[in-house]
Every structure is written in C-alpha cells, then in structure tokens.
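Input: a single structure, listed below in structure tokens.
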Amino acid sequence: MTGEFIAFFVLSLLTIGGAVFMISFTRVVHMVISLGITFISIAGLYVLLGAEFVGVAQVLVYSGAISILMLFGIMLTKHDASDEGTGNTWKNWLSLIFVAALFGLMFWGIQSSVWPAPPETAASDVSNVKQIGLDVFKRYVIPFELISVLLLVALVGAIIMAKKEGNKE
Amino acid sequence: MDTLMQYAWLIPLFPLLAFIVIVSFGRQLKEGAAAVGILFTAVSFGLAVLTFWQRFQEGATDYKFSIDWLKVGDIVITMGFEINQLNALMLLIVTLVSLLVQIYSKGYMHGDERFPVFYQYLALFTFSMLGLVIAPNLLQIYIFWELVGVCSFLLVGYYYFKPEAKAAAKKAFIVTRIGDLGLFIGICLLFWWTGSFELSQIFDSIALGKLEPWMITLAAILIFVGAIGKSGQFPLHTWLPDAMEGPTPVSALIHAATMVAAGVYLVAATYPLFIASDAALNVVAYIGGFTAIFAASIGLTQKDIKRVLAYSTVSQLGYMMLALGVAGAAGYVAGTFHLMTHAFFKALLFLGAGSVIHAVHTQNVFEMGGLWKKMPITALTFLIGCLAIAGIFPFAGFWSKEAILGAVYEAHRYDLLFIAILAAFFTAFYMFRLFFLTFAGEARGKHEAHESPGVMTGPLLILALLAIVAGFINTPYAPVFGDWLLSGEVGTIIEDVFGAGEGHAAAWLQIAALGVSILGILLAWLMYGKRAIPSDAIPEAMPWLYQLSYRKYFVDEFYHYVVVVPLGWLGYLLNLFDKYIVDGLVSLIAKITRGIGALHGRAQNGQVQSYGAMVLFGLLLLIVAITLTAQGGGVLGIGQ
Amino acid sequence: MGLANSILLTLIVFSPLLAVLILAFVPRHQGGVIKKIGVLGTLLPLALSLMLFASFNYESSGLQFTETAKWISIPVGLQQSGAIFSFDLGYELGVDGISMPLIVLTAIIATLAAVASWNQKKRLKEYFILFHLLLIGMFGVFASQNLFLFFIFFELTLVPTYFLIGIWGYGEREKAANKFLLYNGIGSAVMLIAFIVLFMYLNTMNMDKIAEILASSGNPASAAMSPEFRFGLFLAIFIAFAIKLPVFPFHTWMLKVHVQAPPAIVMIHSGILLKMGAYGLLRMGIGFFPEQAYQFATWMAVLGIINILYGAVLAFVQKDLKMVMAYSSISHMGIVLLGFAAMNTIGFQGAMFQVISHGFISALLFFLIGMIWERTKTSMIDELGGLAKSMPFASGIMLAGAMASLGLPGMSGFISEFFAFLGLFGQMPILAAIGTLGIVLTAVYLLRAVLKTTFGPTPGRFAGVADAQPMEVVPLVVLLGFIILIGVYPAVLANPLQQTLKTIVPIVTGIGG
Amino acid sequence: MSVSITSYLLVALILFCVGLYGALTKRNAVVVLISIELMLNAVNINLVAFSKYGLYPAVTGHIFSLFTMTVAAAEVAVALAILIALYRNKETVNVDEMDSMKR
C-alpha cells in the first residue's frame, strides 16, 4: 500500500464521485463545485502520472476557465430545476443500458488485453515541460499554429454569435 | 336434275336474307315484317320441297359441296352443305313448320310492340336450323347448333320485361350449353383422332378401324351429351318446360318441332359413330327410355297447358332417342319417322294451345273448359293432335309409335319395351286430360273466348291434315319411307352393320299398344270428361306421389342446391380469397414496407440525444461484431 | 409508294406526334377544337395502318417493312485487332404476321376510344396529349424489332396510362394508378433484367438475331447458355408478361384499373395494353426459348385453366358490372395461355385470335358500360335493370357483345375459343376438358350480368334514359362489325398469321416431337 | 507496487461512461456540454496514462492532451455562444425542444 496507490485511490474516487454528483445534482452551484472537484482531481491524476505540465494546464483551463464559463452559461440561460425531473424515463433507461453495455464491453476489453509491463524507472528526470516545449515547437509546430488559429476563430465566432442582433434593423 | 341440289344452299340463305332485311328496315316495316319473313321462308319451303322430291325420286348418291373457309397450318377447314336423305327430310320439315308458324304468328303476335324483332329472331332461327341440317361437318354443325341455341334463348326471353322469361331464357341457354360442352369436346377429340371435321371422313376412319373402341364410345357419348342438352333429355331436361315462357308460336317451332329435335337429328346424322359402339347405343336407349317415362309421369299433373305439352315433348324426344338407341336400321328409321310425325302433331298441339291462350288469356287448364263450342276449329284440330300423339289408328302417331315399339321388340329389349308402352299409356292419359279440361265441360274462367282468325286456324288445319296422313308413308305394309331413308350413304352403313330391319311390330303388339292408349284416354275421360272418378282421388290417396310428379321430382331444386348455390358459395369464397389473400398478400408487402419506413420515420424525431443513443447502439453492434468475427486477433483483429 | 413503304412503320409509330404537336398550340379553353383534333389525330395512324394492311405480303413469313438505323453505340473496349468493340443498339422496326394485325387493331381501337372520349370534360388538352403519347408507345411496342427499343416503348405506354388513370378515373383513381404502376413496374424490371442478360451473352438486341443465335446450337454464345439458364430466362420473361396479361395471381392490379379508369382508357387498356403481354409472350418467351416453353407448356395450361375458371367463378359473384368484365378479361386471357400451351399451329392461332377478338369485344363491352354509367350514374348490377326498354339499341349490342364474349359462333370469340381448345385437345385432352368448363361458366356469369342489366322490369328512374347517340353508335357498330367479320370470315385474320406461325411452330414441335 | 495502467484506464472508462450517460439523458444543454467535457477529460487521462505506461513511453500523449484541452476550450466557447443565441430566440436551452431541423 504505497503512497502512490493511496493518492490514486483518493483522486480517482474524487474524480468519479464529482462526475456522478455533477450529473445528479440539480442546483447550479452544486453542479459547478462538483465539476471543479472532478477537474482538479484529474489534474492530480496527471501529476501522479508524471505529467505536471498537463496537470497545471488542466487546472488552468478546465478548473479555471471552463468551469466558470459553464457557470456563466447556466446562469445566463433560464434554469429551471424542475425541468430535469420530467425527462423521458424510457429514454434514460435505454441510454443507461447502452452505456452499461459499452462499459461492460470496454471493461472486458481492458481486462483481457495484455499490457506491456510498466517501465522499471521513470522515463527521464528531464522536466517534461522542456520536453514538451521542444516537441511542440519542433515536431508539432504546425498543429500548434493551427490550434491557435482555431482559438482565434472560435473567439471571434463566439463573440459574433453571442452578440445581440437586430439593433441595426 | 342434278342442278337443283346444287342450289340447296339457297334454302337457308333466304331466311338469312329475311333476317337482314328485317334488321335493316324493321322500324319501317312494322307488321310488314311478317310478310317479308313469310315470303322468304315460303321460297325456301318451295326449294326444300323440290329438293326433297328430287331426292325421293333419285335416292342413292348424296350431294356434297364445300369451300375452304379457314386454313390453320396445314389443315383446311371447309364449309359447305350436304344433301342426303335425312337432310332433305329435315329441310322439308323445318321449312314447312317454320312457314306455318310464321303465318300463324302474324295473327298471334298482332299488336305486339316488338313485332319486327320477333320475325327477325324467327328468320334467324330458321336460317340457323336449316344451316344445321345441311351441314356436312361437325364444326359447321356445332356453329349452327349454337346459333339455334341463341335464337331459342332470344325467343324465350322475348318478353324481356318478365322476370320469369328472363330466368327461363338464361336457364335455356346455360343448360343447353352444358350439353354443348360435350359436343364440343367430342368434336375436338374426333378431330385429333381422325384429322377431320367432315362426317364422311370420320365415318371412313371408323369403317377402316382407325379408332380404338373406347375412343368411339367416348366420342359417341360426348356427342350424345350435346343431344341431351338440346333435346331436353334427362338430366338436362329442366330448361325445356321453363322455355315455355316464350311466345307460343316459338314453343311450337323451336321447342317442339325443330330445334329440340336437333338432338335426335344429331344422333341420326352421326349414327355410324353410334352403331360402332354398343355401350354408346345403350346409353342412348336407356336415357331415352328413362326420359320418356320420367317426363310423361311429370306431365300427368301439370296445370299449365304449355307445360304439359312441354313435358310431352320431352317424353316424345326420349321416345325417339329410345328408338335410335335400340339399334339397327329399324330403330333408325323409327326414330327419324317419329321425329317427322311428332314435328307435325306437336306443332299442331302447340299452335292449338296458342290459339286457346290467345282466346282465354290464361295458361292454367283449370281455368279453361267448355271451349269446344266456342272455338270449334281449334278444338277439332287439337283433338286430332291428341289422337295422333296418343297413337290412335290411323293417325300419324300410331304408325311412328308402332314402328318404335316394333324396333324395340325386335331387338329383344323387353325392359325398354315395357317402359315404352307405359309411357304411351301416360301420354294418352295426360293428353286427353288436357283435352277434356280445356274443351269439354263448363267454362271455368271469366273469359269471352272466340275462334281465332283465319291466319291462325289455317296453319292448324294444314298441320292437322299432316297429322292424319303423314303416317301413311311408312306403314308396315308399304315402308316407303324406311326404304328410302336407308338408301342413302349413312343408311348403307347402317344396313352393312345390322342388315335391313323389318322394324314393324307383330299384330298383337300393335293391338296392345292401341289398347293401352285407348285405356289411357278412357281413364282421362272418366276422370275429367265424365267425372265418374274424382280427379283428386290419387292426390289425396298418395299426396307424396302427386307432389313428386307435380314438383317435377324436385330436379330443379336439386340442381339449385347442388350446383347453383355451391357455385355461388365458391364464388364468394374465391372472392374473399382474391381480395384478402391474393390482393392482400401484395397489400401486406406494401404495408410492411410502409411500416418499416414509418418506423424509421419515427426515429427521425429531431432529438439529438436519440440520435446519439442510436449511434451508440450502432457502435456497440459494431464492436460486438468485430469482436466475434475476429477470433484471436485482438479486439480489432489486426494482430493476424 | 416505295419511299412511303420504306418508312411506313416509322410514320405509323410517330404519327400521333402530329396531334400532340398541334394540341400543344391549341388554347386550353377551346374544348371543341381539342376534341376534334384528338379524334382526327387518330385517323392518321388508322389510315397508315390500313395501308400497311393492304400492302402486307401474305406469302412471306419473315419480317416486312423493316427499317434499320444506327442509333446508340456504346464503346466498351478494344478488341485484339485494335478495333473498338462496342455495344450497338439499333433503331429497328419491322412487322410480321403477328404484329401487323395488332398494329391495325391498335389503330382501330384507338380511333374508337378517341370517339368514346367525346364526353370527356376534364382537362381535355392534357387528356388528348397523353392519349396520343400512349398511342406512340403501343405502336412502337408492336413494331419494334429491337429489345431495347421495345423496352422503351413498353415503358412509354406505362407513363401516360398512369396519368390517364390517375387523373381522369373514378373515385379511387390514384390507388388504381399506383397499383398499375407498381405491378407493371415490377414486370418491366424483371423483363429488363432478362433483356440485359440476353444482351450480355449475345451482344445483340435484335430480336431476329437473338432467336437465330439461340436456336443454333453451334454458336458459342448460344452454347454458353445451359438449358437451366435458359429456363430461368424464359421464366423471367414469362413472369414479366404474365403480369401484363395478367395471369393469376398477378391479376389484382387489373381489376382496380378496369373499375377506376375512364371508359375510353379501359377500352384501350383491355383492348390493347393487355395484349402486349400475349404478344411479348409469343414473340420473346416462346420465340426465343421454344424448348423451355415446351417444357413449361403443362404449367402454362394449368395456369390458363386457373385463369379461366377462377376469373369465371369470380365474375359470377361480382356486384359491379365493371368487375364482372374485369374478371371476364382474366378468364379470357386464360384462353390465350391455353392456346400457347398447346404448342401447335392451331393453338397459337387460337391464342392470337383471342388476343384480337377480345380486344374488340372488351372494347365494345366497356364502351357500353361507360355509356350506361353516363346515363344512370351506376354500374352496380343490382341497381340496374330493364334497360332494354329505354335503350333497345344499346341493349341489343350489349347482348350481342356478351354473346361474342361467350363464344357464340359467327362472332370472333368463337373462333379463338374453339381453336385454342382444339389445339390443346391435341396435347393435353384432360386439361382441355377441364378448361372447357369455362365455356359454360362464361355463359353463366355473362348472362347473369347482361340479363340483369337489360332484361326484367324497367325501374321508373331509367324510363327516360336516352338510347345511343350518333357519336356512340359509330364505335358500337364498327366494333360489332369487326367482331362479326372475324367470326364469319376468319381468314381475314388467319392469312397474315398463317405464315408467321408456321415459322414458330416448327421450332417448337421440331424439338418437342 | 505501483498503480497499473488498467486502473487508470478504468477510471477513464468510468468517467467516460458517466459523461456519455449525461450527454444522452440530460435535458439542459449546458449540462450536456459539461458531460461532453467529462468525456474529453476521460480521453485525456487515457492519453496521459499511455504516455507513461504505453508500449513507447513519450511526451506525445501530453502534447495531445494539451491540444485536446485547447480544442475543448474553443468548443465550449462556441457552444455556449450558440446556446446563448438560441436562448435569446427560443427562451429555452432544453435539448428536447431543439428539433427545428426536423420541423
């Protein structure tokens, strides 16, 4: 029972628990809090996996930006808590069955597959931030640039769409 | 003199001309149509007399002429005409009766709205009947056979607005058609077996032994089935009494003298076929015999004057069939002879009945009576007819009936002889029952009867004369007619097979037959003339027997429930089958297709999440499929 | 004359186009003018087809008035020699003894049907344009000697018929039209598959050539097709045309069409369009695969008998006069099958006679039913009655038509019935004997229907009904005239048929023994 | 004993399934969006896990998860913009009622 295992256990419990609560809560604040917990726990998982940079980015982007964005999204639109309850139960059950089936299949796949033995030592002591930086700006420079363009376009597009129309008409 | 027979084809042509003229100018002619019909038929009659006379003089060689009508492959089908003894005789009978009936109709149908139509049909019938009797081949016989059937149908349904007439016409057509079916099949089979429709060639083939015995029997019986239909023999007799719905002259012409005799004529014309098969002859004889007694027993109780006569016709036709079936030259002569005499006296009886109906406007004999004084000519001629049909010396019926009895006796068919004599007794009884009820006693109906006009009584007198004298051409002492008839080609074949038959009964048989007839008349007189015996004694004593006879042995009902009703049911069943199974199957396929479409349509509900679920489901299926099919190759099956 | 004869068929086939063009320029509201053009337009093909009839050579057994032109050529590859190898589809027309009478029949019925359309009121312009397009299709079917061309014309008949039924029909017209299109579309699809297979194997679409290649056992293309394969092809063609004929159990579409379509179209439909089934069966089914047809003959006979008896029994219980006639058509088409099943000259002749004669008879009867419907607004047998009183002429013709239909000698129906059965008696006497029952049943149901309509007491509401008008007398008299002409002098039809049938039958019987 | 890759994969799988269920059943569009984010995160966990325990450990997994985050961020931004626009017009963010393409 190493410390790593305990950390993993706790973090994954928080992740899944947060996700499940997020799905089942009906009040906005609760949802966003549980969402934040999930995201942060995932960041912890990343750190556990030796991906500190990704973990930090996760905290920045997801826990920081996206959760807040979602909060705004929910608050800006009319939120009626009672709405959720009247969903189509028949559809819910069907979806549940499908999802469970998918889970079963995947679980079976994961369990029955042979995985390579975990490496004896950690890959390298070189901070993977540097490694990432090297790779991003050498090998993946074009996707990186494209992503930036995508972000720009998304930014502009989001502004245009969310802007109030009809003022000039 | 040979030239005259070459023009025999004109005989049927004149009535056809009359038909065309009346069809074209019927509306203008009005009652003048009668004149046209009579005139053209008279010409035909003249020609027929000349032809007959020539035949009578010359005898021997038959005259035959034909033209190509149709080529089918290598087979040439011809149309033509043939004059032999039998034809010549039939020509004479048909033209004579037709002429007389047309003259008579001028009075009987006077004032009818569709007067020209009536003559139109009569002319067409005369044409068809004449065409039938001069036909040299079976195909032509069949063609005219059907045509006379149609004319009969048209004339029975002449009073088209009467539902009974409609039903009777339909029945007449369909029932005879059932018989025609036999003829049709027989003709087709004979064609394939002998390669020809020509009667002469068929006879040759039989003579040469080309046909197996069973073929001959089958063909003969099939042809006889045609005759059964046309001549109203049991079991296809039911149409004939119903056919009395037609105007009475029609009954006289078609349903007594000529068309119904066509069956007998057909058997006589194809007689070489029949005599080659004993079985076929027996069938003819027994059906004929049975019909004779069967119809006679029904005739005993009928109340409608025309129906009595109709059953009498059926019975007499059975007599003729009996004669033909008993075999031999004697039977052949006797049957044909009776055909001729019967044509005269039965036409006479019908026309007489028509005259009575014309006067009293009812057909129920129990509403007549006492007409002897009011319509003397009609009564007298009717009496002559009755005497003739009852076979009283020296009327025509005596000689022909006696010839039949003789033929049967000679052939040692005592069972048939007994039937024939019994039938003769019945005949005498019901004919005189009819006579006494109609003419004797007191008037029972409310009617001002008076004698019919001359145009109607004229034909009656002529026919009465013939009914008296026609028998003398074939007395046992001078069988002129028989000798002549057997001198033709067909006659020669018959004589070859059987040898010349004497065909006349021993004296005791003559006396016995006469005695039986007189007994019948006496009984009728006692019951209906003098009323010494109450006429309802038998009905009261044995009601079931009376009912059986009066209701015609329930044959009609039997057919209705055994044939007509099941056919209707079958039809309804098949209709349902057609609607719901045959068509339903197709509709079902269409519906399934549409249903599947609708199902998919419902899935297209615009709900993104449903689509998502669907996609998920598809993904699952794919994964399962790939996992199952790629064994040992890992999840994606790439490993191999 | 030379030139005219050399393109006579093209002229006949496309002559209705003239009327279409003229009609296209006539204003919609001038109904009278449109009607006149519609009727007069049919006279041109009639005249031309009578010319065809007159100059037809009765001695020759082969094709006449042939026309050939290159039409479509699809290059598909190079041969070893370097020449381009291509599929050629020619424009090939021609008539022989079978198709010539059918063309004349088409022209006659078309003219009469146009006359019968005189009382049509709705959307006249479109009606007559479609009518003439339909004509082109029908002429083309009978004149084309190329399978591809045949198929195109065959389809060309479907489309106008679909609209003619669907727009101008009675109550359930759309349903009837859909059903018509569905069935015939399936039939066409099956036929097209068979044609394509033939084309793939034989590389020609010319009917004569196909028959020739298939008959010669030495030809490699012919040798490549096994008897079983040929049987399959024969069955495909049989089914395709059996739907058209129609043969049980493919008949239900026809009932709807006959009940719902306007009378003039039913005349054409029952008079000619059904006949395309018989024509195709003889020309392509039996003509291409005589051996297989011979093997199939017993089944054909059985199907024929089923058709006859089934149609007759069902006609007996129908309540609607039109349904009676529709089932009667089924029954009569059974006789065509019987004639084919006989596989001898007599049978074929009977079948072809039946095709022509039923064309006239059914046209006549449906025309009469249309007349009755127009006057009484009903065609239910139970509601009708006693029409002989108020319309004696029409009733008389109706009776005559019924008599012709049930095979009265002296009328065309008899000749066909007689020869079809006679032919079959030579091959399968027992089946033939069963089939003859149909003769009686025909009489039963026809008399029931016709007598109920015309005989009996006249109900008051029909007392004032008018008899046939001059414009109606013409078709009635002409049709009856043809029926009687063929009945009395069948050689008029037998002579052209003769030589052609002689060429088909030896193939058939030569193999079958 | 260290944590095996299967454990990480399992966690990711559970997260993915929860997200999927949410995406398929929730009626509020924003919640659906969040669920989708959860699914993306699950994928990210897989990527990172493989980058450590995979057949060829490398940082490529990290880079890919970074890209995914970026794209997800862009996606969320645009999606929320669409939702707001939609809400302005239709007064609802209910997924059930967003079927105007069908109507």
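Order of writing sets the labels: A, B, C and D. Residues in every chain begin at 1.
Throughout what follows, contacts are C-beta pairs under 8 Å (C-beta built on N, C-alpha and C of every residue); 3 or more make two chains touch, one makes a residue touch a chain.
No experiment lies behind these values; they were computed from the predicted model shown.
Trainee: Which chain is most central here if centres come from C-alpha coordinates alone?
Mentor: If we average C-alpha coordinates per chain, C lands closest to the whole-structure average.
Trainee: Cα centroid separation between chain A and chain B, in whole Å?
Mentor: One centre to the other, that is 102 Å.
Trainee: In whole angstrom, how far does the Cα centroid of chain B sit from the Cα centroid of chain D?
Mentor: 97
Trainee: Measure off the straight-line distance from the CA centroid of chain B to the CA centroid of chain C, and report it in whole Å.
Mentor: 37
Trainee: With centres defined as the mean C-alpha position, give me the chain A-chain C separation in Å.
Mentor: 74
Trainee: Quick check: what residues of chain A touch more than one other chain, meaning two or more?
Mentor: Residues 91, 95, 98-99, 102.
Trainee: For chain D, give me the residues that contact two or more of the other chains.
Mentor: Within chain D, residues 20, 24-25, 96 contact more than one other chain.
Trainee: Show the residues in chain C shared as contacts by 2 or more other chains, in ascending order.
Mentor: In chain C, no residue touches at least two other chains, as defined above.
Trainee: Report the complete set of touching chain pairs.
Mentor: A-B, A-D, B-C, B-D
Trainee: Give every residue of chain C touching chain B within the complex, in rising order.
Mentor: Residue list for chain C touching chain B: 182, 248-249, 251-252, 310, 313-314, 316-318, 344-346, 349, 386, 388-389, 403, 408-410, 414-415, 418-419, 421-422, 425-426, 429, 432-433, 436-437, 439-440, 443-444, 447-448, 451, 454-458, 490-491, 494-495, 498, 501-502, 505.
Trainee: Touching residues of chain B toward chain A in the complex: what are they?
Mentor: Going by the criterion above, the answer is residues 609-610, 613, 616-617, 619-620, 623-624, 627, 634-635.
Trainee: Considering the complex alone, what residue numbers of chain A touch chain B?
Mentor: Residues of chain A touching chain B: 91, 94-95, 98-99, 101-102, 105, 109, 113.
Trainee: So in the complex, the part of chain D that touches chain A is made up of which residues?
Mentor: It comes out as residues 1-11, 13-15, 17-22, 24-31, 33-35, 37-38, 41, 44-45, 48-49, 51-55, 57-63, 65-67, 69-78, 80-85, 87-88, 91-94, 96.
Trainee: Quick one: in the complex, what on chain A touches chain D?
Mentor: Its residues touching chain D are 2, 4-5, 8, 12, 15-16, 19-20, 22-23, 31, 35, 38-39, 42, 45-46, 48-51, 53-54, 57-58, 61-62, 65-66, 69-70, 72-74, 76-79, 83-84, 86-88, 91-92, 95-96, 98-100, 102-103, 106-107, 110-111, 115-116, 118-119, 123, 128, 131-132, 135-136, 140, 143-144, 147, 150-151, 153-155, 157-162, 164.
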